[in-house]
Amino acid sequence: MPVITYREAIRHALDEELARDENVVIMGEEVAQYDGAYKVTQGLWKKWGDKRVVDTPISEAGFIGMGIGASMLGVRPVMELMFWSFAYVAWDQMINNAATIRYMSGGKINCPIVIRGPANGGTNVGATHSHTPENFIANTPGLKVVCPATPYDAKGLMKAAIRDNDPVYVMENTVLYGETGEVPDEEYVIPIGVADVKREGSDISLIAHGRAVITCLKAAEILAEEHGIDCEVVDLRSIRPLDEETIIESVRKTNRALCVEENKPFCGVGAQIASLIQDRCFDDLDGPVGRISAVDAPAIYSPPLEKLQLPYPEQVVQKVLAMV
Amino acid sequence: MKPSVADPEHHIDPTDFAQAEINKSLSPETKIRLLRDMIRIRRFEETAGKHYNAGKMGGFLHRYDGQESIAVGCASLMGAHDHMITAYRNHGHALSVGMSMEECMAELFGRATGCSKGKGGSMHFFAPDKNYWGGHGIVGGQSPLGAGLAYYVKYKGLKGSCMCFMGDGAVNQGAYHESLNLAGLFDLPVIYVIENNGYSMGTSQARSSVYKNCLAYRADGYDIVWDLINGWDLYEVRAKMQIAVKRAHEESRPTVVEINTYRHYGHSVADSKAKVYRAEDEIERFKQHHDPIQLWRNRLMEEGVITEAVYQELDKAAKAEAVASVDFAEASAYPEFEDITKDVYFEVDEFTEAGRTGRHFFND
Amino acid sequence: MPVITYREAIRHALDEELARDENVVIMGEEVAQYDGAYKVTQGLWKKWGDKRVVDTPISEAGFIGMGIGASMLGVRPVMELMFWSFAYVAWDQMINNAATIRYMSGGKINCPIVIRGPANGGTNVGATHSHTPENFIANTPGLKVVCPATPYDAKGLMKAAIRDNDPVYVMENTVLYGETGEVPDEEYVIPIGVADVKREGSDISLIAHGRAVITCLKAAEILAEEHGIDCEVVDLRSIRPLDEETIIESVRKTNRALCVEENKPFCGVGAQIASLIQDRCFDDLDGPVGRISAVDAPAIYSPPLEKLQLPYPEQVVQKVLAMV
Amino acid sequence: MKPSVADPEHHIDPTDFAQAEINKSLSPETKIRLLRDMIRIRRFEETAGKHYNAGKMGGFLHRYDGQESIAVGCASLMGAHDHMITAYRNHGHALSVGMSMEECMAELFGRATGCSKGKGGSMHFFAPDKNYWGGHGIVGGQSPLGAGLAYYVKYKGLKGSCMCFMGDGAVNQGAYHESLNLAGLFDLPVIYVIENNGYSMGTSQARSSVYKNCLAYRADGYDIVWDLINGWDLYEVRAKMQIAVKRAHEESRPTVVEINTYRHYGHSVADSKAKVYRAEDEIERFKQHHDPIQLWRNRLMEEGVITEAVYQELDKAAKAEAVASVDFAEASAYPEFEDITKDVYFEVDEFTEAGRTGRHFFND
């Protein structure tokens, strides 16, 4: 199978969907002539032209709202946020208009928009540029949110997001853009709402999404090699809809769970998962569900410190050792 | 700095808008229909207000009394690809595009037969089949949506437009300005219509906005053509709006118009200071001399298009229709408990594969 | 002790703080000449004049950002959001500027701003006007958020918020504005971060904040009278900082916990509390921590339905009966 | 529609800004200090760029080369109650108000000795003691803050101002427009300075904004005085900015100025297309003919204020200072792990009662 980067995988998804459906339009700051701030859309403007790949001014509330409006009539905009952090200037459009228009119209309208871009810390861009609001979004009925961890998932989920008739917010990760993985040439789509057991194991379930999945996989390897502990790694992939059954099944098998995420701890996704597990697996658990999140402060700039602010494999290893 | 209509190419005599082509071509029947449409709005609002005060509704009720000529005048210019979107003071727009009083009243009563199945309420009427996109509660929040509806029109190569309405208070929301720049930059056939009734809740225009000339003039900084309209004259509304519609259709360019108007009642029915922040005589003056319905009625009488009897008949019919809509609403059922989680996700409602994958709702 | 409304209690707090500190300024839409959309600030403009009580245009991002800027130099703005739902048009200012300025400046700046207003459903104002983002705010290090349930707490917490040198976001509730309670004439301040056991009990801990506390108290009465079940009701009062010890102590005593909130369930405050309890009280629990939240959909308009969308006493009663 | 300086009351000859009072009164020493300040910025940026490319820093590095006259010219007008705030391209402003290269360079290197203790990085330099309020990363996000700093000045009855800088791309953020209305409405002594370098990242002004006259002209719709300035002429920057400062001090009224300028390098050091979206000859033209440092140097030579030797000496000193600042940075320690959760809450940092009540941080 071809090995390509996470970035290329997303680009292929966009390219294929541009070809499949003439209503698909890529939009965002620097996505066209500049090829994208992170080169995700590289070459697409050249190939598809001004109508299908559109540069916007720095007006997130304006252009995302515009995309929502256009989607109500049938354009299928795939909007890039250069950073997901910039969502906050467009928050009302994203949380009110996109999420509630269907409801408030009694189902007369739907809003097939995709909003995508990187949402992550770890690149020393500071507190205002490192937000990861998947928990805010998943709190909001009417929205869907996915956080792919691998090139394969990124492509498959992006295609599903574009074909979905509800607003789907896709959170990528600049740290992962250059990571490679196998991605088949043949067309495929990954249904939104299906978790993926990225590694089977029997001693403890590590439950994660986005880059934290990679961190868990590394930790699992160390734990297996150095400590003889067999971790199962559950990649949520989609936060809302959520594949609760895969989580529960895993915990029923391992009897232990650790949630790992790069978000801040308070009301993070890990809180929801821990709350779910203690509810559904109360008698299966050999100990409390553990949680690892970012160190609870705004993202620090200083590069060596930011490394420690986000979950890292050795930290997961230590926590697992303390838990089993 | 010259407003759009001042452009001589439009051949409009600003002292007699009745002579504008779009008005000259009106048949007596259509003129009467416009009157009827305005009266229907007035009677709908009065009836709704009465039942609101009787505790039959929840939430807000923002009445449109006094502003009818705007929604009716603008809607009368809409063709197959002209769209409309507005803020929460949206009953007039809804009725103007042809929504029934029944579905609207039932919505206010929170019934499943309401236009939004009782989910939206007073601020959220919708009729996409009539090119009507609501009904939005966040001040200014609809302005990018309006640009987006126009984006679709342009994207599909249609001759159309989107009229996006907003209040005088809404011009101070950032989203509106972002929309202006986008509309100008992308050549969107959107028409921003500022319904300037002089107040945002209890705050007069002077206390909420700094401006030169008028609020619409801010468009000049975006090189967007603007105009100022006397809203009480239906002929003027139609004549000047038609220029904007034509610009949208033929040049795919935006326009900003500001239409002076007045709301006869409070910001919402529950407006504790409705008679404090506006002088009694100001209110009276507008009701007496600037009521668009009375002015249009007088005009049509002068023109010999109607008699007082015709007017009375229209009024009676509108009243009866409003009363009947209340009967309809009251006879309708409320939504069921299960309906609360319907109309959240298209894919779930349609029982698609995507709607069945993963858990979508999270109550235990 | 005088009995006054929740609304009056807040007004007294504002009035007293205006008197105490000349840097305190009340700002917001309709707060001055109109006396406030919900009459919280009634009479303050008349008493304190244009300089201290200021009407703003409908520009939440602008005026809240302005307040943040002014606070950096020492003005102490108390900004009213007519509805907390409107925070989303100012979200970047509230979540980036207010929360991170201290951090990014290495502690050189602080931001003594209060943002207050009603955050609740239940008044049939629809999906865009019924947001309760206390979980979003508590997720954000640098911010504090309190949700008073009674007149006494509302006054004491408001005064603490105004004196606090960090940004404190106060969530009130239009449904509670008319509720009455005892409030002493003498000056008092309630420290932010201290929960309050509103009712002692031994069978189960009901953990709530805001109006859900009142719902729990009513349920507790029914449970006591009709079912002989003795509930303890813990009112969090402050979400961040959080009084974890009071929660834990209560659960260690009752061995059962039910979190009740008016927010949507996914990543709500109840998720964080459940995650906390299962971690710290794993061996004390006789069963999983329960949760009740709003029915997971945008706020419905239809009045009788919205009543059922939010937690109500009988619902809590049934849930407790199923748990004990 | 006339820009502010055109107002004859200001007695400024637009063909010779050196004759403006504020410039005529400059001593040779001050003129040399202004040159020195610009050179220091240039050398700081060059040195930072070199070490960024060597992998010594993380995140972004937005260089100010080419725009020095703006920050230096504006800062030279600041008195006790004049404040400054800007966006992420903020090294020039920081140095202009008197921050040391050491604290700035150490910040870039992520050290605890940095001006923000290594927590802010390149985009976030601060010096409240020098009336300098940063360094902000969200485009346009600082504009309401600038209004707020001015609000304080007015609230306290001081004769002062806030200069709030932003890029040409930032004018399309809604927050800026909301700020303009607030500034006008509340008579705030704020000066919005649009540093127009023609591009927002890879997007030219023409592709990001629709406008008439110039971007600053949008202020006209808010009845706010505006002006357009050639940024490469330090005399012009000072002369025209001084009018705005005076307006702030004496009338407590806002101004919007747009200053034409050019950035010599990419948007940030990592700008893959820096030489694609701008023609090579355009870049060369600006470097050759519009470099504010060279123009000022030539001017001071013409005036006989400096000789080439003086210039060389200033340059050598600036280079040495920059190199020393790197030494300082590299010799400094990184923050400790425990520092991550410091500077989050004032009350916690200060060990107050409020800081000890309840749990503030939520890692297990």
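A few remarks follow.
Letters are used for the chains, namely A, B, C and D, taken in the order the chains are written, and counting of residues starts over at 1 for each.
The rule we apply is simple: a residue touches a chain if its C-beta (ideal position, glycine included) is under 8 Å from a C-beta of that chain, and two chains touch if they have at least 3 such contacts.
Note that the coordinates shown come from a computational prediction; the quantities given were computed from them, not determined experimentally.
Comparing mean CA positions across the assembly, the chain most remote from chain C is D. More C-beta pairs touch across one of A-D and A-B than the other; that pair is A-B. Averaged C-alpha coordinates give centres for chain A and chain D that are 36 Å from one another. Centroids of chain A and chain B (each the mean of its C-alpha atoms) stand 40 Å apart.
Averaged C-alpha coordinates put the centre of chain A at 30 Å from the centre of chain C.
One simple way to say how far apart two chains are is to compare their mean CA positions; for chain B and chain D this gives 45 Å.
Shared interface positions of chain C, defined as residues touching 2 or more other chains, are 57, 59, 61-62, 85, 88-89, 92, 96, 103-104, 126-128, 141-142, 240, 264, 266, 272, 279, 290-291, 296-298, 300-301. Annotation for chain D: residues 116, 118-120, 124, 136, 138, 141, 172-175, 178, 181, 185, 207-209, 341, 344, 361-362, 364 touch two or more other chains. By the touch criterion given at the top, residues 57-60, 107, 110-111, 116, 118-121, 123-124, 136-141, 169-170, 172-175, 200-203, 207-209, 272-273, 277, 334-335, 337, 339-341, 344, 361-364 of chain B touch chain C in their complex. Residue ranges of chain C in contact with chain A, taken from their complex: 61, 85, 88-89, 91-92, 95-96, 99-100, 103-104, 126-128, 131, 133, 135-136, 138-142, 240, 263-264, 266-272, 274-275, 278-280, 282, 285, 287-291, 296-298, 300-301.
Chain B contributes residues 83, 85, 114-120, 124, 126-128, 133-136, 138, 141, 143-152, 155, 174-175, 178-179, 181-182, 185, 341-347, 349-350, 352-354, 357-362, 364 to its touches with chain A in the complex. The touching residues of chain A, when paired with chain B in their complex, are 25, 51, 56-57, 59, 61-75, 92-93, 96-97, 101-110, 112, 141-142, 144, 160, 164-166, 191-194, 238, 240-244, 272, 279.
In the complex of the two chains, the chain C residues touching chain B come out as 29-30, 33-35, 37, 39, 55, 57-59, 61-62, 85-86, 88-89, 123-129, 264-266, 290-291, 293, 295-298, 300-306, 308-309.
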